[in-house]
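As written, the chain order gives the labels A, B and C, with residue 1 at the start of each chain.
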Amino acid sequence: MDKVRSNKKAIVFFMAPAVLFFMIFIIIPIGMSVYYSFMNWDGITRPIFAGLKNYTELFSSITIRFGKSVKNSLLIAFFSTVIQLPVALVFALVLSRVRRGRNTFLTIYFIPVLISSVAIGQLWMRIYNSDYGVLNYLLKTIGLDNLCRNWLGEQSTAMGAVLVPIIWQFIGYHMLILYSGIKAVPETVIEAAKIDGATGVQTARFVIIPMIKPIIKVSTIFAVTGSLKIFDLIYVLTNGGPAHATEVPSTLMINMLFSRNRYGMGSAIVLFIILECFLFSFIIEKVFKERD
Amino acid sequence: MDKVKKTFLYVALSIWAIIQVFPLYYLITFSLKSNGEILGENILGLPIKWLWSNYRKVLNESNLLRYLGNSVFVTVITILCVIIISLMAAYALYRMKWRFQGFFIMFFMLGLTVPIHSSVLPVFVILKKIRLLDTYWALILPYIAFSLSMAILMCSGFLKGVPVELEEAACMDGCGVYKIFWRIIVPIMKPAFTTVAIFTYLSSWNELMFSTIFINSDKFRTLPVGIQMLSSSLITDWGVVGAALVLSLIPTMILYICLSQKVQEGMVMGAVKG
Amino acid sequence: MKRKYISCLLALSMISCMTAGCGTAKNIEKSEQPEVNTTAAKTTSGEGAVTLEMWTLLNQTDVESEAWKSAIAEYEANHPGITVNRTQYEGEAYKMKLKSAVAADALPDIFFSWTGGFSQPFVEAGKVYPLDDTYTMFESDLSSSMLDTCRYHEQLYGAVITLSASLLYYNQSMFDEYGLKVPETYDELITVCQKFIDNGITPFAISAKDTWGLATMMDQLMLKCVGRDDVVNTITRNGGTVDERFLDAANKFVQLKQMGAFLENASGINTDEAYQYYINGTCPMWLMVDSLGNSVTANLENAEDYGVALFPACSENATTKDMMGGCGEMYCVSSSSDYSEEAAIAVFEICRSIAKYTSEKGSYTSAWNNQPLGEGSPAFIYDVETLKAEADSYMLWWDTTMVAADAQEYLGLLQELYNDNISTEEFNRALSALFSN
């Protein structure tokens, strides 16, 4: 059997396609990005070596406001973890207790995940429209006229306004994942807790949650890295505006690459995002390991 | 006491379900309304006049169906390729024995942290060099590459559940490694296919950036780009834009409703094993 | 389960092939739709058939669509064996597309581009085909001064259709209602605005979401406060300093904003949504480039209620006749095209035809000679023509004149200023730093 397992030709045959795709479309592009990030390149003429200039400018320019975009992406990551996950967890726990309609509810909650960000963006733009949108209309009907705003157009509300569809879309995803984890907890353990006199809430806190830790970890990693990389929805809703209020590293990168012809700078941002995701995945893994 | 609690829970769940679904209800209703109704007279209710003409307009005057067809084609091919390639790689990585296994496992996990958009320009240059720009392959090839990491991870999880004895038995019957793979492993990994298909679908079907930049002709344009263009140009005709958006959602919804059980199982298993 | 799965996939593939096939039937031109692929006479493909690929922006109006159709048909009739395959793109996405194409040498034979600093890197990298030789064939039809902005390092790189100018479109009946006349100086402008504001009316329909909407306003103020030559020299880094005149313009901009002269929700609406307020009589004034302004106003039922005027003078450094405008859009030929000669000729011929057609329909005034406005054009279009003809000087918008990186910096700064994130002094200082780099 071992001989079969070490069949070199077979190994190459099985690995080759995946490795090839990976090299051509992921590894080489990353390499190119690293290379360009140290260059001044407008995409057309020859690149000129610039050392760390792109990086220093990135962190110091007041018009680029890179710090703000990083802050925004961290904000999204934060709220995704702090709002999305607990809410998803609570609902997953509740769903595991009710019997009827469970599947219907899960199906409904998952629907937004499948919808394209373009559709969601366009839809929420109509909801947020300051003249005709549903949100302001609802506020007016309950008499809260003075709360009506230009949600996507004002610096103070834009980021919050953008957060809502993001969370709305993916909460079902996390709900499903956590629910599955909860279902996997053996009935016997729950019964035992009940016999010991634990209430529902106590069972949840002390029995179920510790047992689904790996699932929570997976959910957290997805939520955080997804937030750091986010692009589509923000691009459609505000494209980073107004005045960088909703800018995130990904939208900034596209702006650098295609509006400003600064491929070197754009590549520097790419590198930053990759390292950031790496770092956070690592941290989350560590955090969960410790709590085990 | 329990009854009260149960009713309360159901109410909470229903309220949340309404919150999740309300935007869609709004979308569907305004896709059937006239501008007048949407913008003032009848914002929240069911349409007074059911304007099916909005849908007719979208279908007749734009290439939405074509974009839909293109998206389907690209996504289906991507899914098929990803399933096969990732399964092969996962098998070699997790079931066979060779020196650089560990390295390559890390190698593929790197892909999980890379945002797809970061490769835009390099991939563009590469596609141009191999003359595949403005074809279906300009999208299919990168999508495959970017779905591989997740897919291999999924497959590895499922592979762990396949008993070694099966392979050993086949080996004793004189099967070579290829036969073992095709006759034993592949059939048993069927549940993995659903999971991989779902995750691949999620990242390819709605992808916006590559499809905008790599595809020039209307012929090959995919759905997200088409919807974005349509929505930008029809900024004042909300009803028609709504109709376009609803039409773009229909295939996904139909698939989901038919396969919802499978989808949920697949997602579940994916997360557990991943 | 496997069988069901496979049949599902097969069904999907079949559906996709069918709808993909369905799509080709729908590729026949329809006059209103935005993404028409004009493959006019593809059936004549045989030996030696040449196809020219052309990229342009989306048609905004029916007149434009018709103009393009007939221009291409005319060209193909005059040059049998050559077909023109045109694809249209939406503005911002087009910039992305164009730049990727330039970077990877994937330009089509003919493409639309903006003049000034925008195309400068393309030219300097040798990606654009010089048109001087071809131009000699069209010299009598198109005067050389029109092509000034298409020249780089003394060579010509693009053909133009129209000369555009930024003009003040206004609702005459609203002015009459409050006994106001069109302002000719900045102080008069403030008075007019204040009168409207006191009566609950927002004077200007403007978009801040499309930063170029704000730039339309700011560029005018800058021009009128500083003077044409000094502005151009400063922003192209050809000498010239950012001094108190620039600060004056920035202060005027902020003054207008703070008094409430701009739409309150400007940051949330784009240009198309903004001009709805102008059309439906909510806002009496609209500062816009005439190619859009004309077609929008001409299509209104109450077009006679509207008039067009020059932007008021703000200082002695410029008069109302110093205009923001020029040939800001051009059509170029790629240097890597296999048929650069044919493409060059095509570019001029097609531009000439479109200019003639749109001029006859009274849509916008042509840059070409002997192409007068058609009979029956709305009255104010003749006014537009007169205004443009009597202009003393032209300069293009800042974000077209400057190189792309500078342009984006400027637009970014403008947004910061509009959103009160920076003061006018900081704005001025940042501009100064930008241009002395």
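Here is the rule we go by: a contact is a pair of C-beta atoms (placed from the backbone, for glycine too) under 8 Å apart; a residue touches a chain by one contact, two chains touch by 3 or more.
A quick note: this is a predicted structure, and the numbers were derived from the prediction, not measured.
Chemist: Can the chain contact pattern be summarised as a line, a ring, a star, a complete graph, or none of these (other)?
Modeler: Looks like everything touches everything, fully connected.
Chemist: Comparing A-B against A-C, which pair counts more contacting C-beta pairs?
Modeler: A-B
Chemist: Taking each chain's centre as its mean C-alpha position, how far apart are chain A and chain C in Å?
Modeler: Whole-Å distance between the two chain centres: 37.
Chemist: Determine the centre-to-centre distance between chain A and chain B, using the mean Cα coordinates as centres, and give it in whole Å.
Modeler: Their C-alpha centroids are separated by 16 Å.
Chemist: Which chain C residues touch at least two other chains?
Modeler: 96, 100, 103
Chemist: Provide the list of chain B residues touching at least two other chains, using ranges where the numbers run on.
Modeler: Those would be 120-121, 125, 228.
Chemist: Could you list the positions in chain A whose residues touch two or more of the other chains?
Modeler: Where chain A meets two or more other chains at a single residue, that happens at 43, 131, 254, 257, 263.
Chemist: What residues on chain C touch chain B, complex-wise?
Modeler: Touching chain B from chain C are residues 1-2, 5, 8-9, 12-13, 15-24, 26-27, 30, 32-35, 37, 55, 58, 87, 90, 93, 96-97, 100, 103-106, 108, 270, 272-273, 276.
Chemist: If we count contacts the way the header does, which residues on chain A are in touch with chain C in the complex?
Modeler: So the residues of chain A touching chain C come out as 42-45, 62-64, 128-131, 150-155, 241-245, 254-255, 257-263.
Chemist: Over in the complex, which chain A residues touch chain B? Could you list them?
Modeler: Residues in contact with chain B: 1-2, 4-8, 10-11, 13-15, 17-19, 21-22, 24-26, 28-30, 32-33, 43, 91, 94-95, 97-98, 101, 103, 105-120, 122-124, 126-127, 131-132, 134, 137-138, 168, 171-173, 176-177, 179-181, 183-184, 215, 218-219, 225, 228-229, 231-232, 235-236, 250, 253-254, 257, 263, 266-267, 270, 273-274, 277-278, 281.
Chemist: For the complex, which residues does chain B have touching chain C?
Modeler: 60-63, 65-70, 72-73, 76, 80, 120-121, 124-125, 128, 133, 187, 190, 193-194, 212-213, 216-219, 221, 226, 228-230, 232-236, 259
Chemist: Which of the residues in chain B end up touching chain A in this complex?
Modeler: 6, 9-10, 12-13, 16-17, 19-21, 23-24, 26-27, 30, 38-40, 43-44, 85-86, 88-89, 91-93, 95-98, 104, 107-108, 110-115, 117-123, 125-126, 141-142, 144-146, 148, 152, 167-168, 171, 176-178, 180-181, 202, 205-206, 208-209, 223-224, 227-228, 231, 238, 241-242, 245, 248-249, 252-253, 256-257, 260-261, 263-264, 267-269, 271-272, 274
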